[in-house]
Structures are given as structure tokens and as C-alpha cells.
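After this come two complexes, each holding subunit A, first together with subunit B and then together with subunit C.
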Partner chain A sequence: MYLRIAAQYVLVLIVTLSINFALPRIAPGSPLLYLVGEDVATMTQAEQDQVLREFKLDRPIVEQFVNYAVGIVQGDLGVSVRYGMPVWDVLLDHLPWTLLLMGTSLLLSASAGTVIGVFAAWKQGGKHDIGALTLVLFLGSIPPFWVAMLLITFFSAQLGWLPSYGAYAIGVASGTPEYYVEVVRRMIMPISALALVNTGNMFLTARSSMAMALEEDYIMLAHAKGLRELTVVFKHGFRNALLPIYTNVMVSMGHLIGGAMVIETVFSYPGLGSTIYDSVLARDYNLLQGAFLLVTISVLAANFIADMGYPLLDPRVRRPGVSA
Partner chain B sequence: MALAIKHSLATSLNTSHGRLRLVGILILTVFILAAIFAPLTTPYEPSARVCPSFQTPNSEHLLGCNDVGHDLFTEIVYGARVSLTIGVVVAIITTLIATIVALVSGFVGGWVDQFFMRIVDVVMAIPFLPLVIVLGVFLGAGLTTQVLVISLVMWAHPARELRSQVLAIRESGYVESSLAMGASQFTVMLRHILPEITPLIVPQFVRVAHNAILIEAALSFLGLGDPIQKSWGGILFYANARAAFLTGAWSYWVMPPGICIALVVVAFAFIGYSLGGKSGQIYYPFGSFTLKRRPSIDTGGANGRRLQIEQLTTLYSSSNETIKAVDEVNLGLHDCEIVGIVGESGSGKSTVAMSVLGLLKYPAAIASGRIYLGQVDLLDLDKPSLQQVRGKRLAFIPQSAMNTLNPVMTICDQVQEAILQQRDLNRDAAEERALKLLSMVELPDERAQAYPHELSGGMRQRVVTAIALANEPEVIIADEPTTGLDVLVQKEIIGLLIDLQRRLGISVMFITHDLPLVSSFADRMAVMYQGQIVDIDTPQQLARSADHAHTRDLFENFPRLQAPKRWQRSDANGNTMRELAPLLQLTNVSKTFHSRRRLDFKPVAPIRAVNQVSFKIFAGEVVGLIGGSGSGKTTLARLMMGLIDVDEGEISFDRREMHNLVRAERRAMLKDVHMVFQDPYQSMRNGMRVRDIVAEPLRIHGLRDAAEIEQRVTTALGEVQLPQSRQFLARRISELSGGQRQRVAFARAVVTNPRLIIADEPTSMLDVSLRMGLLQLMESLRANHNVGYLFITHDLALARHFCDRLVVLQHGTVVESGRTEQVIHQPAHPYTRALVNAVVDPAFTEPELAQQA
Partner chain C sequence: MMFRRISAMLVVALLGISIIAACGGAPSESDVGETTAPEAAASGQEAPTDAPAAARDTDDTQGPQTASKLTIGIWNTAGNITTYTIGNSWNDWVLWLSFDKLVEPSPYVSEAEYWLAESIEQISDDGRTWEIKLRDGVTWHDGTPLTAEDVAFTFVYYREGPANRWTHHCSAVPRMEEVEVIDPLTVRVTSAKPMPNFDKVTAADLPIIQKAQWEDVEEPRQFTDIAIGTGPYRMVEYKADEFYRFEANENYFKGKPLVDELTLVMIKDPQTMFTALKSGEIDGAARSLPPELLAEWANDPDIKIMHAPTLWGVWLDVNLGREPFNLREMRQAVSVAVNPDPMLENIMLNEGQSGLQGWPHPDSQWTKPDLEQPYDQAKAIELLDELGYVDSDGDGLRDTPAGEPIDWNIKVASNQPLYIRAAEMIVKQLAEIGLQSHVETLDPAAFSSLWTSGDYDLRVMEITPHGIADQDMLIILYKGDNNRALEPDPEKDAIVARWFEAATVEARLEVSYELQELNNLYPNRRMLWYPDGIFAYRWQAYDNYQPSSGYGIYHKYSFLPNESRGLTVSNVEE
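Take a look at the complex of A and B:
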């Protein structure tokens, strides 16, 4: 099983690399455009050939790919045109902020969605359940960036409570208590926007997993044993519903990072999302590809950790049975 | 089956789904109409400068204007065109790709499937928004790019969902029977899989449209939309770029597009949820009561009985009808007594059990009656008191222990939990007692820390029994506790249960459809029919003289091992048959299954399902293939039908070896050999009409003449004694009862005039009262057309009456074969002897067990 997962990851990486490698070469326009930016228009033919040789773009395609892959393994993602520094360094500067946003909002939305979903399933068909369901379907239908714009409108522009810009206060020394207060103040809105919208997804999974668990025969037997209602619902129902919920959290990592990217642009939050947005505006192709690769690797890493944790939750995976 | 009907009743009651869908459709219609008639609903051109920058809303410009003087209301209405078009176009492309991939992948299987599924995995593992952005940037902004890239990332999920549906359908009984009739893969795909998958495509379509509109909004918001034809996301992009949300413009520039997106998406979400979402049951932990609390009238409690049910009525109510599942039932249980409740499916026997336990599921509800346990009426108890009764005084042994144990707890913990709930013990003492209980049900000590999936079905049933005994209850209610277990295991479990019941002095209500089984040990037996108890007495008395016709029916209709053989076919005829060549001959046939996963390096021992099997069937002869579950009976049938290939040995039909036949010859051969499957609810697709089902083999074998098809179908229906009217031919199979369905299955078998019918447990899913009728039908087909039968069954008594010769199979090997009387009366192999001994024959077994009480 582990071998299968590992093979899967390698395959995803190869495909991601191939997309990155192939795009500048098959997209309309000269690959030079993607290497040196708009300056290519002012270059002479001799200069262009010079650059092509420099970047070994005149070599056979296979050799180019090998060189490219080797470069990436060595941490060479090229130079960012916009920042004028190695792409890798730019990304490392921004990654922690995205992780902070993602991690916190995932934690919030997963726990809120699970709690509400489990209770909705328990009180299935009741007024509260239908209400929660409708509300959640509606929340999940709102574009996250729009929620972000509204939050800024109210809490920054109208009420003036929270700053709408950046991740930390400029001019406040890093490490001081004020610095952290400012960081937290600037986290509140992006995280709320993300968590609000993602809670829906978590709620739906939690509700349907829990509803399914509650219909199982072992719940009936648990009642027949005379167990208290709470014991039945949590020890038997929720414990089993946890498995699909956990899987969903792991799968939603990829979706969440997409949401985080758009949110960051609204708040000019200095994470990977803003980096990608900036590189889109500046047509900074190296940076864009590097960010894409890094995001993919992060998602794979998160999935890997989740996969490794799964056997702890499910004895059927931990100890495959005789009659499987 | 009864449960399925109850379930569908329950779900149709839940109308909140219907309401959600209606709201969704309404919202969508408004937006679609507005988008289509955009030029009529708006007075301006979307790209015309018609007012000053940042004009606030007024009567001429409902939503004001943006920074360059475009009318925002106009932009929104035209934006609907872009957003909806992208959503719908992407949904069409995506569902189309997904359906094709799912059909090809799911049906062709093998490396094609592996290949597609790896691609799906990869697409799903890459975070899709970054991928879409990267692709969008390189391919240039525009509508086509958006449609292309969004489709590219979105087809994978529906493809995987639909593929798993295709796989499920492919495994279904009706596909297998179609293949067994000689249909080609392509025919099956067209005739069965496509019609079955179509309704499942719609929710996928809705879901994709829902996501596509959200992704499009995000892309356009990042500036990757078409700069000329602005979608809602595009409008927000410009609003964001001009920081409209920091100025007063937010109310008319930022709010409306966002609300539009949210409304359209939520409309899709509502529709999608109502189509694809599982409509929930209502969860009632204490059973549902329509009964009001009543003042307690002293009727003397249970009248000295342990358990006394008085005038119990339980209803299943739906919006259009109310079914009396239990109709004024009275029943008492004495000390240390076993009362069997026997009945066919739908007779209400399980509902009685659930009513007593307070475990009825919605929409079943007790309407009236009293259930006394000792002096208390269980229906008067509040929740905490009921919890103290359950598991302590009143215990439950459920059916199919497969699903009744919690899969993530060790069995020792589950037994221990039952003890701790009702007794004031510390953990160590409780564990000690749990281990004692497990050894009492003869479960090996070393299995105590096992999880349920690590145990066999029989062992799980023992665990469930241990849980029931945990607190030495006064009454145990056992609902089909051994159904689905192998005959020999079943006998062990029953023996154990009776032994413990006698030792501990427990009263047992034993619910079953198996009359011979329960009459061998019950003190009294209650026969249920249409919700009522029609007879109650000792088994001996009932066997001798029952009041109700249904009871007599039940007793007469099960085969007895000792009674004279019912179908005695002339021996002389048999002898002449021997001189002819056999119709079907198996010579040293073997089949081994290997683990399928190639990337999985764990050594899984290959399973030898069929091992060196040889036997013959002559024309007009009935051969019984006997064996317990897992003995290889069904694999053998599949080998004979060519559904799977033989590893070693050969199967020849009419002196022609099957593996030498080319595909066309093999298909022609399947005209002469037909297989009837065990479950008539699965071997025919529910949406089909009787005519098409019976005509299927004719069409597979190339008959196109409608008049001849009609005529042969009608004749076949006559042979199986079903109506031949046009109305009946046009009826959907789902409207027929189980007995009628199995007759249709036989009509489908005889329509091509086969020479051999392989019948895989054809009567086991039918109620007892229908079984004899079906066997008589099979016999008349045999007599009229000289059809040979291979009769596969685990029911030795039935086989004894119906078969001329028997072949006994154990672990894939033939352990004994010979003439029926000889195998039954002088069994040579210990396994055959065990099987013969396991048959209970109530009228003749002198009741050693039953009379002890």
C-alpha cells in the first residue's frame, strides 16, 4: 500500500514538472518571452541566439528536460524577473505566511464544520438540521474573495477596526509583543473569510458520514446494550464517522490552498498566493512556475502525512483481516 | 426486501429535498431568462459610456456606474451570459469526457482502467486553482482558455465517481446473466450499463456547473478573464483594482455581482444536493412513538410471565398509505421458555422484535398496545429507565453479526462495555468477566483482542451472543441470529445458544423464517402472517393439526429428509440415458484465483477455488451440486457458462470441448445452456419490461423479427404459467413479486429451448410457500422438453427430493458423488455425513431437545 502511495506521488511530481517544462515551449510566442520578459522585443537576433545558447534551449528536448529536472532537484528554479533574486529565495520568504493562513483556517473550519455537521446528523430532519444545511450550502456558494471584500468594507473602511493590508505592521520591530498583536489583527479577516467558506464543505462531509454511521447496525446493538445516548453517538457513531471526515480534511488541502491564494490578493497578504498573483501581473514566468511547483509539493506533503496517520484511526488498515 | 420497501417509504416522506430543488430551479430560471433576453432587459450597451464615472444609483442607472461610465446593471445582466455560458459549457464538456472515460475504463478494465485511473489520480492530486492559473497565464486570457483549463481540471472527479458506478453495475446480477446468455461486452454496455448510468450523470453535471462558475469567478477576479466580455468575476476584478470596497461604491459595484454569483451557485448546490444527496432517515434513538403517555391501569403486569405483549399494533406510515406491520399481536413468554416466531418476509416478525426493544426506525411507530417485562410496561418507561432495562433485563442478538459489531473497537472492549454499563465493576474485573463470557461462547482466548474484521462470520455471531449474555438477562430477543451462516456453523451456534439458555434460565424469543430449524428446539412456535399471529402452539402440535391454512402450507412445503422422495424419475429411463453421450462433461477442471493487485507486494496465497472436478450430466437428468458457502459451487457454475476461463482440465458440451470453440461457436452454445441465478431481484434490471427481459436471449442470438419474438415470448410465459396478456408483457419487472420474478427468469431460460439449465439456488430467495411451486414448474419443463438440470444448492433435503444424482463439493473438491438415495442414506465421506446430520426434520426428529423443558 505504501509503495502504491509513493509511486503515486512520484507520478504527480513528474507530471507537474512536465507541465512546467512544456508550457513555455508550447505556449504561443517565443520561449524567450518567458525567460527574460518583455525585454525580448528590443533584442537583436544575435542577442536572442546568444540567450538561447546560454539557457541551452538549442539542445535536444530530452537533454533540456534532464537538465531542467536536475536543476530543480538542486534547488535551482531560475531567477525572478520581478524581484531580481532567485525564485527559491522569494518563495521561502512567502511560504510561512501562507502556511499560517492555511493551517489556522483549516483547523477552524474543520473543527467547526465537524461539530455542527455531527450535531446536524444527530438531530437529522429537524428544524435545526435543515436550517444548518441551507445556511451551509449558501455559505459554500459565496466566492471567498467576495466575502473578503465585504469584510474589508465593513471592518476596515466603515468601522476602522482592523487593518486591511499586509501581514504585519511596517515599522514595528519583529519579535516585540506589538508585532505579534499586529500579526494577529491582520490574520483575523483573511482567516475568517477562508474558514467561513470552507466550513460548508467540512459540514457536508461530517453530516453525511455521521448520518451513515448512525444508520449502521452496530448503533442498534449499542442501543440494545443499554448504553447512554451520548456514548452511542460519540463512542460508536462519531468514532466511525471520523474516518471519512479525516480523509476529507486531507483532500481539501488542495482546494484550500486555491482559496487562500485568491484571498491573499484581496488583503495583499505576502503569502504564496500574492506571489502568484504578482507574477501573473508582471508575467514573471519563473516565479509562477516555481510557486506552482512548491504548492504542489506542499499539498503532496500534507497528503503524505495524512496517509501515514490513517492506520492509527482504522484498525482495518492497520491489521488487514483474514476475511477482507 | 421488506426493509428496502420500508426504507423507500421513509425517504419519500422527506420533502425538504423537494423544496430545496424547487427553489434552485426557480432561481436558475430567472437568471437564465435574464441572460437570454439581456438586450431587452437593459436599455444600454454593456461597453457604452452612458454616464459619468462613479455615478451613484438613480432611476436611470439602477445600480449606478463604474469608473469609466459603464452602466453596472447592464454589465451584470450581460455578465450573467458569460458566467452561465462558461458554467454550462464546462459542465457539458466535462460530463461528456467523464462519462466516456468512466464507461471505457470501468467496462474494459485491465490496463486501460489502470491507465485512466492513474491520470485521474494525478489530476486530482495537483492543486487545481494554481494549475488553472498557470495554464491560463501561458495560454492567454479569454473565454476559450477558461473553458479549456477549467474542463481540464474538472473532469477527473466525475469520471472517478461514474466509473465506480459502472463497476458496481458491471458486477450486478443482470449484467452477469446477460453475459451468461452470450451477449457481447458492447451489447451489455449499450443495453444495460448506459440506461442505468444516465440518471447518475445529472447530479455530476450540476456539481460541475456549480464548481465551474466559482472557479471562473476566481480566475476572472485574478485578471485572467476575457477583458471585453466581462463575467461577474471580471466586474469584481475591476472593482477590486479600483479599490471600490474602500469607497462608497461598494454598495452598488461590489455587492450585486457577488450576490449574483452566490445565488446562481447556491441554486446549483440546492439542485445538486437534492439529486445526489442521500435523503436522510430520521434518527430516533428510542424508537418512534405516536403513542401518548397514558395513565397506568393496573392490569396485573405480565400475569406471571416474563414478557407479555398485549394488543401490540405497529404502523408504517407514509404520506399516501399506512401499513399495519404488526396487527394487535398478543404473546407471552414463560420462564426459561423458547418461543419461535416464524413467518415469511414482510409478515411483521422483525417489527415485533424491534417494537419490544424500542428500536423501531422511522417511519415505523407503535400505535397501541402494552409490553410488560415483569411488572413494568416498557412503553411507559422514560429514556433513563429504558436504558437500564436494555442489555440488563432484556437483551438482543441481531442478524448478520457482520455489521453489528463496531469495526474500530476490539471485541473484548465491546463485551466489556456492555458489562460496565449495567454493573458497578472496575475495569479489571469487567475485563475478566468479558474474557469469561468469550470463553463461555467458545471463542479462543487469543482472539479476545481481535477486531471484528479479523473474525469469521461464526465467531462474530458468538461475540454478539456473549454481549447479549453479559448481564444474565431475563429475556433475549434473537432476530434471525444464524441466517447467512454456513449450515454446519449454524448448527453449532444454535446448540451453544440453547445450552446457555438452559443453564442460565433465560427466556428466548427466536425470530426466523426457517421453520424446520426453529421447530427442532422451540418450546412453542408462533406463526405470523400479514402482521398477525395466526397460530401458536408446540411444534409437534402445529405439525399435526394447525388451525390456519398458512401454517399448514408452511409445514407441508418444506422438504423432509426422511419422507418418500417426491420426484421419482423412472430408473429404466435413466439406464437408457447412460448409453448416450453425456450432455455436459467436466474432466479434472481446476481454477485458481490469484491476488489481483500488482503493486501490492504482500504475499497473498492463491486460492484454489475448484480442484480437479469431474462429473457428467445427461439429457433430461437432474444433478444436484451440494456444498456449504465457499465450497466453489458458484465458481464452477461460472466456469461452465464461460464467464471465467478454466485453468486446467476441460469442459465439453455435447462432445465439443469449450476451450476449442471460437467466440461465435461459444455464443451459439450458450443458446443451449442457460443459467438461472439465485436472486430474482438482481438478475433482471429493474427498469425493464417483462417482454424485453424474456426476449433478451432471442435478441442476443440475432432474432430480429418482432412478430416471432412476441410469439415465442408469449409461449415461454405460458410454459411458466404466467399471464400472456399484452398488459403483462408491458409491465415493469419491478412491479412483480419475488415468485413472479423467478418465473420470469425461467421464461427467459426456456425461450431459446435450451438443453441444459444451470440453476444456482433458484429457490433460496423465495418464501417457503413458493418454493414447491417453482420446483414443480422446473420438473414440468424437464418432462416436456427433456431439459437437463444442474441444481446448485446448500439445502440437502431439497436436493434429495429434486435430484437424481448428487455431487458433494467441499473446498473446491468433489468429496462424494452418486445416486441421491445412496449419498443421503449411506454417506461415505465425513463431510456428507455432517451435512446430512445438520438437516433438521421436525416431524420425525423425536424432540430430545424440545421436551426437556
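Take a look at the complex of A and C:
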């Protein structure tokens, strides 16, 4: 069975990598236009080819694909058109900031969404449930960039408490306490914006799965046995409601590497999200391929971990013929 | 009960976050303004005060004329800031912090100063051979002297190496045939055809690069070292997409710059950049203030606003490579059917100049005086009728002479809301004379691809000073137009051929005027407006900016000693 699963993952990886190669090239535009801009209109074909040759983009498409595939095996993702640097260096520069930003916001939104969702389901139909549902749906429906702009306007422009851009203070030595304080201060607004908006998704999953679990017969039995309310809710209800929440968190983890394009752009946060966005605009094929490779691997890895985790969370999954 | 506890915990958590935020104090960059003001006072300069806006407008209040450190927001990354990474952008002034030209400030102005050159002389009557005598004692940032070898190398590297925004000055217009080093400070250059504008255009636009650093660089766009220049600032650190740090070049031949350290931070989102300026996180925003913010910002006591000529333009491009725009009368009809003035009024709130003044930029030294691209709806109707573009099926809309309906696309980049609005107004104006059209928005990269695909009827876009205020570039643009045109234009070809043979500045200018007249009569560039540059800065941090045509107020001349600025700057207009 494990061999079959591994083969499936390898197949998905190969297909996805091929799509990653093709997708940026299908879109209209070319790195040449980013590199030379409107001057392309006045350049000769030889001059245009010379510019593309620097990045081996003048080669036939099949040769480019072979180079790409061989490069992946060798760990060489080529050179970014936009940065003029090896793609790995660019990715490794931006990845930590994305993990910090997205990881923290996922932790916050998953925790808050789950806790509020579970309690809302517990008190389903009550004023707290309706209040929480209204609030969370309202927050979840607000575009993240708008939340971000409101936060910047209030906390940066009006109060002057928080810096509005960047991930760290330029000129402050890395590793010093002041550096870390500045990193934390610059995380607060982007993480708040992301967490506020994403909590809704986690909340709805937690609330619905918990509400369904609380209507099961075994909950009635537990009540009939005279168990304490908290024991019924958390030991019997929450544990059985956990699987969809876990799935939701793992799916979000898979997408974590992709970053938060809009939020990172608004806050000039140097994560992978804004880098991918800028690379799309520049048609930076090599960097896009590299970034998509990371995203692909992280999604597959998260799925794999999720698959492995199900049997631990739900013994029924271990039994043949029973699905969660 | 449990809910109350959770609510209370959330409130406490929010308060905690607020306290942490508040305890951190203002960001370090905002300290700049507070520390530089006392320094100014200590040096005998007038101390800044919190004067009301009205007082500032009359310049009663002057902030510090020097600063130890400034932080300025930029919005467009350019790798390590070399001639191969920066291209055409609002940020090209960043390149000039580190690099110099033989003549400055630019090819756009009528009066310029010898900079790296001590003199540039035409030594042949046919205008083909020039001799450049370099200023003695100029050094690169690594301490080595600037020599004629560097200048000769620059010319040859740009002529032979990979193309960039500047290389046409050596490889095409003009095409340099021979470059000779006469002595350590003298270079002689000979071109294939006359180059009477050499000292006014080529020398005033071409950055000189160091031979020692570049001679072995074969892939300049993958060269990521810090570039060595001769300019007033030396880059000491950069992280593309994040920041650039420059230190003053104490040995600069025009005197030590007035600001010791410049930090340029990348803030891509315009609203975030202006918020950062408002809150004091940055001291200047190197992008033009949107006109709608002008009134509000004018009342901010911490901010000064300066108008400065940027020499940019916004135009409607009529596709020469597609029917029916290959017909010159059709181009004329489209041009006179479009009225730019309502766009200037409604979109730019009159913060700019009207496109009725034609192409190229009316403030360029090379533009024919009194040039115009008129608005004349009656003439448009007359031309369309003559061309046979009439309403043949009675639906109120004009059709082609073959009776086919017309629905031209007007393509715009999706990240340009002002241009989308302009395109919508053009649709209405064309509809008034029975021409149907519609707006199509494309992502910026797809929009750029129109340069090579030619898949558009009309498009609204902007053009930089390089393309709109430089005489030689007008010829380069003509060559580009020719590449795309559906059919040749013998009249224009003849004018350009005469331009290439003209051996004096005056003769070239005269021929250039002819080309401009013809281009404005049958334009494929219908100018819409020329935006004013409106720049905001925190005057208590530094208050010694001056406008320079084509660069706004953020450029190296604003940081040079006042006595060294000379003709590179113009008077302040507030």
C-alpha cells in the first residue's frame, strides 16, 4: 500500500513540475520585456536574443525543459531574471520571512478559530454563537488588503505605534535584542490582518464538525451516563470533531510556503508571496519554477503528513474498509 | 461563563499587543528628522519650527540644509543598480547617486554643465569626430583615478556588449566607429555619421562605468556586486527588493554631499509609502503624490510639497501595424477626435499640462515651439466620411468601407487606474462621432507583451523623459515605429535620412522639427497629458531639495553643496 501511495506522490510531482514549467510560458509576455522594457520595440532580433542568452532563455523550448528537469535533479534552479541571482538564493532569502509570517498567523487563526468554533457549537443557537458567527463571517468577508490598510492607517499613521513596512529595521545589527523587537513589531499588523481574515475559515470548520459530533448518539449516551458536561464536550465531542479541523490545518500548512501575496505587498514584507507576485509580473520563469517547486513539495508533504496523521487521530481509519 | 472568560482573554491579549507596540516607540528611521534638526541649529543654520502651512508655503520656515541620515521610500526594485538593471523607471535617479556623466544633468535641458568632462569639442567639420578632455583628479569609489581608458571602455562596451537602455548612444544613434585614447585624460571618438548632438545628448545621458570592474563581465544582468562609480554616493549595502544604503563620497570632486547617509527603502504599495511618510518612518517619498491628496497634505505642518518637472507623458498609442491605422488620415481622425483636456481636469485635477501641446514634451529643449495636436471633432467627422467610414447599416455607428462593423479595443494595464479612466473617456469621445470601441485591461506583463505581439488597436500608456524629451531618442522611436508599421512612410523616411546627414545642431534641430510636425499631424502617439511631479518630504529632516528637469526633486543634485549644483537644478516652485 505504501508503495502505491509513494508512486502516486511521484506521479503527481512529475505532472505538477511539468505544469510549473509550462504555466508561466503560456501567459502572454516574456522576461525580455521586463529586462529591457519599452526599448524592446527599438532593438534588433540579435540584440533581443543576446539579452535572453544570458539566462539561457533563447534555447528551444524542449531544451529549456530538459535543462529545467536536469537542474531540479542537480539542485540547480537557474538564475532569476529579476534578481540576477541563483533562484535558490532568492528563495532561501525570502522563505524564512514567509514561514514566520504565515506560520504564526496560521497558529493564531487555527487556535482562535477552533476554540471559538467549538464553543459556538457547544452553545449552538445561543446569543454567543450567533454573535461569534456574525463577527467571524463579517471579518472573513473583509478583503485582507482593506484590513491591512485600516491597521496601517490606525496603528502607523494615527498612533505611530507600529512600523508600516518591512520585516526588520534596516541598519540594526541582526541578532541583537533590538533587532528581534523590531521583527516582532513589524509582524504584528500583517499577522493580525491575516489571522483576522483566516480565523473565519477555521471557525466555520470547527463549529460545523463540532456541531455534528455533538448530535451523535454517543454524546446522548455520555449524557445519559451522567458524565460531566466538559468531559462530554471535549473527550467525546471534540475528539471526534477533530479530523476535519486537522485536515483544514494541514491544507493550510501546505499552502503556507506560497505566502500571502497581498498582505506581503501592502506591508512590503519580503516573503515569498510578494516575490512570486513580482516574478509573475516580470515573467521570471526560473524563479517562478523554483517557487512553484517549493509550493508543490510543501503541499505534497503536508498531504503526506496529514495521511500519516489520520490513523493516529482516528482509530477507525486504521481499520480496513472504514474511511474517516 | 466560559465565553466571558474567552472574551476577557482576547481583550487582554489585544491590550498586550498594543502595549508591546507602544513600548517599542517610533521606528528607528523616524528618529532621523529629530536628530538632524538640532545638528542644523548647531551648525548655525536656521532651526526648524512647527510653522503653519501658510507660513511654510512662503518659505519663511527653512529646515536643515544638511543631515546625517535620510530615509527615502522608493517603489521599483533594480537589482544592484547598474545600467543593466535599472532601465527606464522613476528610480533612475538612484543610479545617478553612484554614477556620473560627462555632461550633466541630462539631454532634456538646454543648459548643462561639464561634469566628468572638462571640455568636449567637435574637431571635424563633418560633426563625426569629437574629443573629450576629462576633469583631472576624479576618482572611483575604490580610490583609483578615472581615466580616458574608462571612458573609451564604456563606449566600446555599450557598442559591443548586451543592449541596455543606454547602449543605443554607442551602437545606433550615433554608431561609434572608432574610439581612441589620446592620453590619460583625452578620448577621441568618431562616428559613422555626423553626431552634432554628441555633447548635448550622448555625453549628457551616458553613465561612465569603470573598466577594471566591467571588462570581464560577460553577463551583466547576472553581475550582482556593488557597482563602483564616481558619483557623490557610494553604495555600501543592498538587498534587492528591500533597501539600498549609500554613504557620502567624501572625495567627490563637486564637494562632500550634504547628507552623510541615504537609506532607500522599497515600499511597493503607494498608500503604505505615503502613510510611512506621514508617520515619519521615512523622510521622503520618491513617487509623485496623487493629485487628490494634494489639498489634504498641504495642511500637514510636518510636510512640504514641491512641484517639479518630471517630463513624463501619458499617450494614446495608435497601432501602426494594424489596419486601418496604417492610413495616416485615420490616425489624424482618431487624434483630433480625442479631447485630452477633460482628462487633465477630471483625472489629474489639472495637475499637469494638456496633451493638446503635442509630442514630444513641451518642456524639452528639442521640442518645436507652438507644436500642437488639436482637438477638432468636426475635422474627425470629415476625415472619417472621406475615408468611407460611415454608418452603412443605420445603427448609428460607423462601419468600414466594406460595411463591416467597427469595435476597436483600447488596451490598458490593470495596475493603472488613471489610464483605465482615460480609456473610458476616450471610448465616450469616439462614440460621439459614431466610432465604437471598448476598454480591455491586461495584467502589466501581458500589457508589455503588446510591444512584441502588436495585438491591439489602441492602448493608453506612459512614456519616460528618455522617450519624450531626448532628440536622438525620437529617431530611435521612429526606427521602432518603422519595425512595427504595416507599410513604409516614405515622407518620414526621407526626413530621417536628412536628419542623419545633418552635421550641425541647428540643421538637425530644423529637420527634427519637420519630423515633429509630421508626427503631430498624423500621430501614432496622441498625447493625453503631461503630469506634474508633486513631491512631498519631511522638511524637518532635510530641506534643501531642488527640482531638476526630468528627475523631480529626488536626485543627487539635491544633496550636493549648493554652490556645486549650478545648472543642474531649477528654481523651487511651491
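Criterion: the second predicted complex is superposed on the first by the 253 of 324 C-alpha atoms of A that agree within 3 Å, B and C clash if a C-alpha of one lies under 4 Å from a C-alpha of the other, contacts with A are read in each partner's own complex, and residues count from 1 in each chain.
The criterion applied here is as follows: contacts are C-beta pairs under 8 Å (C-beta built on N, C-alpha and C of every residue); 3 or more make two chains touch, one makes a residue touch a chain.
Computed from a prediction, not measured in an experiment: that's the story for all the values here.
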Partner chain(s) touched by A:Ala157 [first = subunit B, second = subunit C, both, neither]: both
Touched partner set for A:Leu300, first subunit B, second subunit C, both or neither: first
First, second, both or neither for A:Leu11, with subunit B first and subunit C second: first
Contacts of A:Met149 with subunit B and subunit C, given as first, second, both or neither: both
Superposition-derived comparison: subunit B or subunit C, residues of subunit A touched: B
Partner chain(s) touched by A:Arg283 [first = subunit B, second = subunit C, both, neither]: both
First, second, both or neither for A:Ile19, with subunit B first and subunit C second: first
Residues of subunit A contacting subunit B in one complex and subunit C in the other: 27-28, 34, 123, 149, 152-153, 156-157, 164, 265-266, 280-281, 283
Subunit A contact footprint on subunit B (complex, rising order): 14, 16, 20, 118, 121-122, 124-131, 133-135, 137-140, 210, 214, 217-218, 221-224, 233, 236, 239-240, 245-247, 250, 254-255, 257-258, 261-263, 265-266, 268-270, 273, 277-278, 280-283, 285, 357, 359, 383, 387-392, 395-396, 398, 400, 403-409, 417-418, 421-422, 451, 453-457, 464, 467, 470, 599-601
Subunit B partner contacts - residues on subunit A that touch it in the complex: 1, 3-4, 7-9, 11-12, 15-16, 19-20, 23-24, 27-28, 34, 121-125, 129-130, 133-134, 137-138, 140-146, 149-150, 152-153, 156-157, 164, 208, 211-212, 214-218, 220-229, 231-232, 235-236, 239-240, 243, 254-255, 257-259, 261-262, 265-266, 276-277, 280-281, 283, 285, 288-289, 291-292, 295-296, 299-300, 303, 313-316, 319, 321-324
Subunit A contact footprint on subunit C (complex, rising order): 2-3, 6, 17-18, 20-22, 24, 26-30, 71, 77, 79-80, 85, 87-88, 162-165, 168, 172, 219-224, 239-243, 245, 263, 265-269, 271-273, 275-276, 278-281, 442-446, 448-449, 451-453, 463, 467, 476-477, 479-480, 483-484
Subunit C-facing residues of subunit A, complex: 27-30, 32-43, 47, 50-51, 54-55, 79, 81-85, 93, 115-116, 119, 123, 128, 149, 152-153, 155-157, 159-166, 169-172, 181-182, 184-185, 188, 192, 265-268, 270, 274-275, 278, 280-283
